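First chain A sits with chain B, and in the next complex the same chain sits with chain C.
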Partner chain A sequence: MDLFLQTLLNGLLIGGVIATFTVAFQLAFGVLHVIDFAVGGWVVLGGYLGYYITAWLGLDGFLAIPLAFVLFGALGYLIGPVLYNVRNSRTARPELMALALSFGLFTLLRGGMLTAWGFNTRNVTTALSGESLAIGPVTVPLIRVVAAVFAAAIAGGLFLFLYRTRYGLAIRATAENRHNAALMGVNIGRLSANVYGLYAGITAMAGVLMGAIYSVNPEVGLRYTLFAFFVAVLAGLGSVEGALVAALLLGVVEAFVSTYVGASYSLLAIFTTLFLVLLISPRGILRRGL
Partner chain B sequence: MALLPANPQWRSLVLLAIIIVVLGVLPWTVNNYWLRIATGALMWAGLACSWNMLGGYAGYINFGQSAFFGLGAYVTAFLMSDPFGLAFPVTIPAGMVVTALCAVIIGAPTLRLRGAYFAIATWAFAEVLIQFSSAMDFTGGIGGIGLPPYLNERFFYFAMFGAAALTYLLTWALFERSRFGLKVKALRDHEPAAEAMGINTALVKLQTFVLSAVTASVFGAIFAYWVTFINPKSVFGGDITDQMVVMVLLGGLGTLWGPAIGGVALFGVNRLIWMYWGDTAFYIAILGTAIVLVVLFLPNGIAGLFERRKQNALDKVLDKLVGSGEGGHP
Partner chain C sequence: MAPINRSFSRRRFLGSSAMAITAGALGMPFVRTARAQAATFKAGVITSLSGENILGGNLTKQGYDLWADVINAKGGVEVAGDRFKVEMFYGDDQSSPATGADAAERLIVQNGVDVLFGPYTSGSTIAVQPICQKYQVPMISGSAESPNVWKAKPEFNFGIIPAVDTTSGLSLGVLAKLSNPAAKTVAVVSVNEPFSKETGEGFRDGAKAAGLELATYELVPPEGDLTPVISKIAALDPDIVAVGGHEEVLINVVKTSKSLNYRPKALIMHYGITNPAFAQALGADADGTTGVVVWLPTVSYKDDLFGTAKDFAQMAQKKLGGEPDYTAAACAASGLVLGDALKRLGKKPALTQEDRVALKDAIAETDIQTFYGPIKFEKDGPHYHDNIQPVPVLVQIQGGKTVAVGPKEAAAADYIYPLPAWK
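Presenting the complex of A and B:
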């Protein structure tokens, strides 16, 4: 029973961190209409930033979080318009081309990181690394709890921004119907750049947290891209609220499969679920997808 | 090109004849090293063509084509090694059947949805096959499977040559010269309109996908026997799909000869890098850069350079008819 509770809590905590970047991923899809393969790349880049801030500057890994947002937010702000232009270009197949572009970007990030940093895994070191927290019969690494709290704060901030500000309203309107939003005076091109920047920044922040919980190497990006896709399909593409639920579910499923069946089967279980959802309810379990 | 006849049809026939003769006598004029490179180039040209069937003609991007290449390779390896020890020619149809089944299972639900769902499903399928074959005992785990070695470079050269020639012949006959090809192109250019014309788009897409997957599995089977040893990364690896995507984009999406041009060009670059730097992660970065650059600056590929004017005119007509294509259809 203790193991069960422990696994459940671990899964929920990890799911919370996954939720942060998958919510942003859904937002980017809703506005840009591009499935971004590069999502795993942003996560890994954030993790490396967390590693290097300790290795080079001797600072605590958590300090990399705001820096990741600024740095990769800016980078995303530069890439966003390119994706937007390809998606809305007048070539014969813009959706396919945009998909290929994001895939190319992901491959470029992965290859670049492998070339620069090799296959070795790195850890993000923080003051809390190695500490653990006992809640009744359950012991969890303190870092996971803190990471989940950070993740909740980031996601909460994002939701406040989306639902309590005028700009958030514009983003939601665009995600719902781009054409009508444009008629209401929303500058879709600029908004897309901003949203992609926001998404890249948030994803990199989640990457720092992921790097602190697990370790990071260029190849794990594939895994995070699969996570984002899994959540997107489960929630329905573009559904931000659904992503929150689906990410927590993913964290729990992954934890249980890893604990009770074996870590090498976790991706297999995730894929099987993904496939069954596609088969039974293609617009997501909440039937909210685009 | 003064030596060639002026009539474009005759000119392509003469060019084709020259290519076939050159490829036919190649095994007797070069040493084994270059023969292996030629065999690889033929394989990649064929694989790129198999990807192009769905990606280029039907407009659905498959990011997991390596899954089907790998399935062909694994079925052949599994059936040829102990305890079965079947003959090589028998294993190819077996691989084709397994691949076709998997393609139907993956394609039937996802091809009805937006292209993005299909891209996700195929990509995830390939990643999972890596995990699956690494975890299972009957596939040899991470270590992989060895096959009985057969050291006859000419055999493999002609096997690849035959498979590639058949692939291109099939593509030409089915996608360039038949009603089926017209259906496929119609659904690519405007799916709701194609449906309104009475085309069963879901079925046509599934047929194209299965054809594309089965073709890749044949190359996988020959590849496994050729290299005599396979493991999950070497046949299911994402880099294999990456290469196919780059080759087709580079050569020209939805053209008959684009994949051949892109395939030979990229494979040449691959071997050059391999010769000078060995097996390097830098190549993955180059692949990524190539995809980005081609999408941004050469969306119609190398083949598109020759018929750019025609394509632009077609786009203008399409734009007038369909409008700017807001979100909606894939």
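Presenting the complex of A and C:
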């Protein structure tokens, strides 16, 4: 029973961790209609920022979180219009061109980081690294709780922003029909840049947490891209709230299969879940995807 | 205008081609004469000089180069009373096995090397082996550690480092003997990728020989989260946790264990903990982690060229600016194997194809003592042509430094067992 409870907690927290970098990914897809392969690159960039904040300045890794938002949000704001223009260009299959562009961006980030910072694995230390709380028979890793709370806060914040502000209304309108939104006076180009900046900033913030929970090297980005994509498909592409539910589901599936069946079957179980959900509900787990 | 232009450039092309052919015909014998005057043995180094394995690739290159520098400073390899220098050629596998095979072929065909020094990764080594076989060029591999390299029964390839399944298996026996109170159970975790899995299988199979009960054997995907597996192991509470993986996974195992407030009595890993990045990333949490190496500067071996292991380490430190690890040592020892085989073969450069086959046979008969340890290649079995003579040395991170803790004759410090609870 103890192991069961621990496994359940592990699963929920893994879900929380995955959700940190998938919520904003969904927003970017909803507005830009691009599956951004570079998501793993933004995560790793955030992780490195966390590492340098702790290694060079001797500060707590958590302080890198707001800095990651400002720095990589600004970078994303500059890259956003390029992606938007490619996605809406008059070339044949602009969606594939945009996909190729984001893949190229990912490769560039990965190669650049490999050249600049080498391939050694780095760690982000925070006040809560390695700390845990014992609640009865269950051990709660505090840094993962921070990640789960962060994911929930980001999802909640985005929800309020999208449904309670005029700019959120403009974003939703653009996601639904960009031509109509443009006719209503929404500056689609600037909005896309803002959304991509917001997404890059949030994802890099999640990256600091990933560096604190796991570790960071230029090669791990692909893993985050894959998981973001799994969750996005399971959630229904573009569904922000679905991303939370899907991440938690995948986390719990992974934890139970790893503990009770064998860790080598965990990916198989994740793919089977993905397959079954797509079969039953192609628009994602909450049927709210595009 | 256009046709005139075209005929003009054709004429120029024909003219320059004729000049080039004439120059080639006149020049080639001259080049050959020049080569014959300064006869050298040509050795090709095929390793990762770019891409993700560049650090390891450079370690191998530095090891091979150290031997070439030292032997050339002495006038070269001694053959039938004369000395012949060694000329080094380099091929970059760009951290990809397929590129490694191409680069090896280029070294053999274009540079006409007599012998190859093998790649950093086992994957590239496996890819290069058929090329050695095709052109009948012997290769001495100072780095490959995967048992799969030797399972393929490579006729022309020889390995200096014992395959990882033998070292990881034997190391559990050494650890069990050092533990007090004696360890009884072990849980093995390994990442489901070639090198890590083989390490894990070595631990798994070595447990029985070490008199340990296997509590569980967990194979995790490289993308997987480790909390479920560590929680499961914590519930089983084995004395030893053995991990097969590269640095990133090793770091994550320590971090995840700490975040779940679980610490086994001993945590043993293989490759990776000797990389300074491991201790750097984990800080004080790295302390107590056990690792396995096949060579340390403190071992008691010696030879005529490099002197003692300590002498070698000092020389390497001076040339490379850092303490050499066992890969660099094994690569330098590869040169000793070549020098010994060439001496016994007694053939002067340049070697013919028959000479290279005879060289391969001479290498197979190697039985020497070096600063790196004894070198003798297996003649059959699953480790065909691998040197499984060296006994693994157990190291432990203590106060941020890697120190030898076992077996007793190699120990520089006491083994900390059981590990204290996390602070």
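Everything below uses one rule, namely that the second predicted complex is superposed on the first by the 265 of 290 C-alpha atoms of A that agree within 3 Å, B and C clash if a C-alpha of one lies under 4 Å from a C-alpha of the other, contacts with A are read in each partner's own complex, and residues count from 1 in each chain.
Note that a contact is a pair of C-beta atoms (placed from the backbone, for glycine too) under 8 Å apart; a residue touches a chain by one contact, two chains touch by 3 or more.
Because the structure is predicted, anything quoted here is derived from the model rather than measured.
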Give one of first, second, both or neither to describe whether A:Leu226 is in contact with chain B, with chain C, with both, or with none. both
Give one of first, second, both or neither to describe whether A:Leu99 is in contact with chain B, with chain C, with both, or with none. first
Touching partner for A:Thr139 - first (chain B), second (chain C), both, neither: second
Please indicate which partner A:Phe4 is in contact with in the superposed arrangement: first for chain B, second for chain C, both, or neither. neither
Partner chain(s) touched by A:Thr121 [first = chain B, second = chain C, both, neither]: second
On the A-aligned overlay, A:Leu267 touches which partner chain: chain B = first, chain C = second, or both, or neither? both
When the two structures are overlaid on chain A, which partner does A:Tyr167 contact: first (chain B), second (chain C), both, or neither? neither
Partner chain(s) touched by A:His179 [first = chain B, second = chain C, both, neither]: first
Common interface residues of chain A with chain B and chain C? 114, 118, 226, 262, 264, 267
Chain C residues touching chain A - in the complex, by the definition given at the top: 52, 54-55, 192, 218-225, 227-229, 231-232, 235, 247-248, 251-252, 255, 258-262, 275, 277-278, 280-283, 285, 422
Could you list, by residue number, the parts of chain B that touch chain A in their complex? 55, 59-61, 63, 106, 109-110, 112-117, 119-121, 123-125, 127-128, 131-132, 134-135, 188-189, 238, 242, 245, 249, 253, 280-292, 295-296, 299-300, 311, 314-315, 318-319, 324-327, 330
For a test of understanding, state which residues of chain A touch chain C in their complex under the given definition. 2-3, 6-7, 10-11, 13-14, 17, 114, 118-123, 125, 129-132, 134, 139, 141-144, 213-215, 217, 219-220, 223, 226-227, 251, 254-256, 258-259, 262-264, 266-267
In the complex, chain A touches chain B at residues 33, 35, 37, 82, 86, 88-97, 99-101, 103-112, 114-115, 118, 178-179, 222, 226, 229-230, 232-233, 237, 262, 264-265, 267-268, 271, 274-275, 278-279, 282, 290
